[in-house]
Amino acid sequence: MTTAVMIRPRGRTALKGLAFAAPAILLLLAIYIVPMLVLAGFSVTDYQLGALNWEFVGLKNFTDAFADPVFLRALANTALYAVIVIPSGVFLALGVALLVHGRKRSRAFWETAYFLPVTATLVAMATVWQFLLHPSLGPVNAAITWLGFEPVSFLGNPALLIPTMALIGVWQVLGFNMVLFLAGLTAIPQDLHEAARMDGAKHPMDRFLTVTWPMLGPTTMFVVVTTSISAFKVFETVAVLTKGRSGSETLLYSLYLEGFEYSNTGYAAALTLIFLGIVLVLSIGQTLRMERKVHY
Amino acid sequence: MARQSLDLSGIRKGFGQTQVLKDINLSVREGEFLSLVGMSGCGKSTLLRIIAGLEAPDEGELRIGGRDVTNSDPSDRNLAMVFQSYALYPHMTVRQNIATPLRMRKLGFAARLPLLGRVVASRHTLAEIDAAVAQAAGTLQITHLLDRKPAQLSGGQRQRVALARALVRQPAAFLMDEPLSNLDAKLRAHMRDELVGLHRRLGATFVYVTHDQVEAMTMSDRIALMIEGRIEQLGTPDELYHNPATLAVARFIGSPTINLLPAEAGASGAVSVKGMTTGLVAAPGPATLGIRAEDVRVSAGGLPARILREEKHGPDRFLTCELAEGETIVLRQKASDPTGADADGWLSLGFAEERAHLFGSNGLRRDFRVVEKAAA
Amino acid sequence: MRRFIPHIVLALGAGVMLLPFYWMVLTSIRAPAEIFDISLWPIPKEFTGVENYTQAATTVPMARFMLNGVIVCAGILIVQVLTAVPAAYALAKLRFPGRRLLMIAVIAALCVPMQALALPLFVGLAKAGLLNTYFAQMAPFFLSVFAIFLFHQSFRSYPDEIIEAARMDGFSEMEICWGLVLRGSLPSLAAFAVFSVVAHWNDLYWPMIVVNDTALAPPPLGMLFFSDVETGANYGALMAGAAMITAPMVVCFLLARRSFIAGITMTGVK
C-alpha cells in the first residue's frame, strides 16, 4: 500500500518528463542523430544522389580528399581567410570596444554604428561591396587613384580574392566581437582599476596590462573561438562575389559544390566530416567550459 | 617613510547638483589612526577617494607631508589603499598581488612585460621584491597562502592579502575604505584588534573610513564624524563620547543610543524635564537633554517609568522603560543588582547630572552648571 | 585636443563600417548615368529612386521573397519555441529517466553546425520528394538545441516552491510550464526570438540547397537570383534590391537596439 503510493506519483513525473521532452527527443533523432549516422555511412561509399547502386569504398573518400587539388586549395584558402579574419576581427574589435567603453554619452551611437553590419543580410551587403570595390565605378578605387596609386582590382586579381573576402568578413564580425568585449569590459570591477592606480600603474597601458587584459582573458578566448568557427564557415561572400572562380573556393563552398551541384554524395560526406572535425576541434574547449562554467 | 601628515584645506566636491563635500578642513597627524565615520552618503568615502587621488576635488588643497599633491596622479602620492571589496587581482596569485605595487615602482616598463620581463629585469631588484613580499606576508601570517589565487581564500584571508599588498611598499599613509564590512561579526572583531596592532607596530598614518561607530571608537586615535558633507566634530573617541559638540554627534556615537528628552530652562535658568526640576542651570529656552544609559539611575523622586523590556548582556542589563507620555528611556544596570522596580514594573528614574548633555534648539551643545537641587 | 582623439578614431572607423550602407542607399536613388561620376555627395542630380525601386521590385518578385522570409522565419520560430520550451522545462524541473543523457546530447549537438547535417537532410528530403517546399526550408531548424540550452539555464533559476504550490493548487504541468515558468523567462524568449529570426532571415546556405524555385526563395536567395539577372546592367536597381532586403532587419535593429544586441550576441554561446 505504502509503496504503491510512493511509486505512483514518481512514475507519473517520470512519464510527464518524458512526454515533455518527447518532441525534442524525436527531432533530435531526426535532425541530428540519424543524419549523423547516415553521413558517416555515406562517407565510406561512392554513393551519388540518384544513382541506383553504390559500393563500399572504405576510407578512399578521405584519402582522395587529401589528394584532391581543389579541396586542398579550398582548405588553404579557408586557412588564409581565417588567418586574416581572426587577428584583425579580434584585435580591431577590442580596440573599438576600449574606445567605446570610455565614452559616456555617445556610447549608444558608436555601438549602433559598429553593430549595424552584423544585422544586415550579408548576401545583399556583399553585392554592395562588389560595387564599392569595382575597379572603375567604385568609390574605394576612386579614393586609391585620388591618392596617386594604381587602382586595385580587388575582385579581378585572383591573389586578392581571399584577402578581399576576408576584409568583408572582418567588416561583418567586428561589431559582434565589439559587443562581446564591451560586455567583458563592463564586468571588470571599477575597484580593480583603482587598485592598480594606487599600486602605481600610472600609464593607461600599465593598467591595461595589469587589469584589463588579464580580466578579459575568458572573453578573449571566447571571441577567438567564435570568430574562428565563423571564419571556417565562410560561404555567402564566395557565393555572391566569386562563385569559386579563379581557385577562390572555400571549404564550405567546395563542399556545397561537391554535395549539391555535382551530387558526389559519398565524397561530400567525407568532406563534411573533415569540416565537422575542424569545427569540433575549435569548439571543444568552449563546450567543456560551458559545462563547467569556470570563472575567476 | 610611513609616517606622513595629511593636510586638507577647503576641500569641496559636488556631483551634478548635489554638494557632497562642503569645505572640509582636516589635518591628519603623522602616525595617527584617524577614522572618518558617518552614515552612508555623508561624503566620507568621497573624501577618502580625494585623498587617494581617485577623485579630484572641485576646490581646495591637499598636502602629504607638506607637499602639495592636489593635482598629482594617485601613483605619485605614495599612498596605499585597502578597498571594501579588497580589489585583489583575481588572475594573480597572492604573491603576485602583493608584489604588484613594487613591480610597478621598481621595474621599468619592459621588465614588467610577461615573458620579456624575466630576461630584462635586474636580478637584484627581483630579489629585493621577493624579500619585501616575504616580509609583508610574514607580518600578516599569510606565508602559506602565497601561491594561491584570491578565489581560493576565505574573506579574512583576502583581507590580509589586501593589507599585505598595502604595506609591502611602506607608503606615506594607509587609506582604508570600510575594510571590515564584508567579514562576519566574530572575524571583524578579531581583525579590528589586528589592525590596531598593525598600526602600532608600523607607526604609520592610517585614515580609516567606516559607518560603524563601534569600530571607530575602539580603533582610532581621533575620529572625524561627518554629517552631510561636513565634519561635525573632530576629536578623540572620549571627546566625542563625553563631550559631543552637537545633538547629531551625541545621537550617532554610543550604543545603546543616547536617551534624549525634551527639556526647558526657565527664566531662572533651572532646567526641568517633563515637569521634574533638575539640578542643571543653563541659559533660558527650550533644550534637549541627553543622558547615556549608564548615567540613568533608579532614584526616588525622579520620573516615573514602567519597564517595557529587559535585555541581558552578560554582566550588564539594559532596561527599556516607558515614561508617562510615551518616550522610552534605556538604562544600564549591573545584572547582579535588583532592578529597583515595584511589583507592577514601575520605577523612578533620575540621572547623573554632572554627566548629562544639554543641546539648544539649534542642535549645538549648551553649557550648564550643576547646583544642589532644592529638596522637592 | 587629446579628449577628441578617441572620437576621431571612432568616427573614421564608423565611416568605414557605414560606407556600404551609405553607398547602397545613395546609388539606389541615383540615375544609372550618374553612377559613372563617382561622388559621395548625398544629393543626386536626378532622383530616380522610384524607378530603381520599381525595377528591383518587378524584375524579380521582391515582395514574394519578403513574404517567403516571413513565412519561413515565423514557421521556424513557432516550432522551435513549441518544442524547446517543454523540453527545457523537463530538463530543468522534472525528473525522468535519460535526463542526463538528453542534456549531454543537447550540449554535444550545440557544437554541430547546421552545414554538417545538410547533406543527409538534403538526401532525405529529396527522397521524400519534399525539395522546393516551405517545409524543406524549415524542417532542419525545427529543433533548436540552443533554445533548449538557453531556456534550461533560465528556467533553472525559477523557484521550485512556486511550482510545487501551483501543483497543489491544481495547475496542470502544461499550465505551469507555459503560464508560470516561461513567463518568468520572457527576456530570454525575446532574445531567442531575435536571434532565431535574424539568423534565418539572413541564411543563404540551406535555401540555396533545397530551393531553386523563385517563388519560394527567401530574401538572401532572391538577392542572389536578382544579382545574377542584373549583373552589371543597372546598379541603381541592384542597390535598391539590396536596400529592400537589408531594410527589415536594420530597421528592427534600430528600433530595438538593446534586445537585438542581446539576441544576436547570444549566438556566441552557440
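Labels A, B and C are assigned to the chains in the order they are written; within every chain, residues are numbered from 1.
Everything that follows uses one rule, which is that contacts are C-beta pairs under 8 Å (C-beta built on N, C-alpha and C of every residue); 3 or more make two chains touch, one makes a residue touch a chain.
As the structure is a prediction and not an experimental result, all values here were calculated from the model.
Chemist: What's the farthest chain from chain C if centres are computed as the mean of the Cα atoms?
Modeler: That would be chain B.
Chemist: Could you tell me which pair, A-C or A-B, is linked by more C-beta pairs in contact?
Modeler: Comparing A-B with A-C, the pair joined by more C-beta contacts is A-C.
Chemist: Based only on mean CA positions, could you tell me how far chain A sits from chain B in angstrom?
Modeler: 56
Chemist: Between chain A and chain C, what's the gap in Å when you average each chain's C-alpha atoms?
Modeler: 16
Chemist: Residues of chain B touching 2+ other chains?
Modeler: If we look for residues of chain B contacting two or more partner chains, we find none.
Chemist: For the complex, give me every residue of chain B touching chain A.
Modeler: Touch list, chain B to chain A: 52-54, 73-76, 79-81, 83-85, 87-92, 100-101, 104-105, 109, 112-113, 151, 165.
Chemist: Quick one: which bits of chain C touch chain A in the complex? Just the residue numbers, please.
Modeler: My answer: residues 6-7, 9-10, 13-14, 16-21, 23-24, 27, 35-36, 38, 40, 82-84, 86-87, 89-91, 94-99, 102, 105-113, 115-124, 126, 139-140, 142-143, 145, 148, 173, 177, 198, 201-202, 204-205, 208-209, 219-221, 223-224, 227, 235, 238-239, 241-243, 245-246, 249-250, 252-254, 257, 260-261, 264-265, 267-269.
Chemist: Which stretch or stretches of chain A touch chain C in the complex?
Modeler: Residue positions touching the partner: 13-18, 20-21, 23-25, 27-28, 31-36, 38-39, 42, 49, 96, 99-100, 102-103, 106, 108, 110-125, 127-129, 131-132, 137-139, 142, 171, 174-176, 179-180, 183, 222-223, 226, 229, 233, 235-236, 239-240, 252, 255-256, 259-260, 265, 268-269, 272-273, 275-276, 279-280, 283-284, 287, 290-291.
Chemist: Please output the residues of chain A touching chain B within their complex, sorted ascending.
Modeler: 189, 191-192, 194-203, 205-206, 209-211, 214-215, 217, 296
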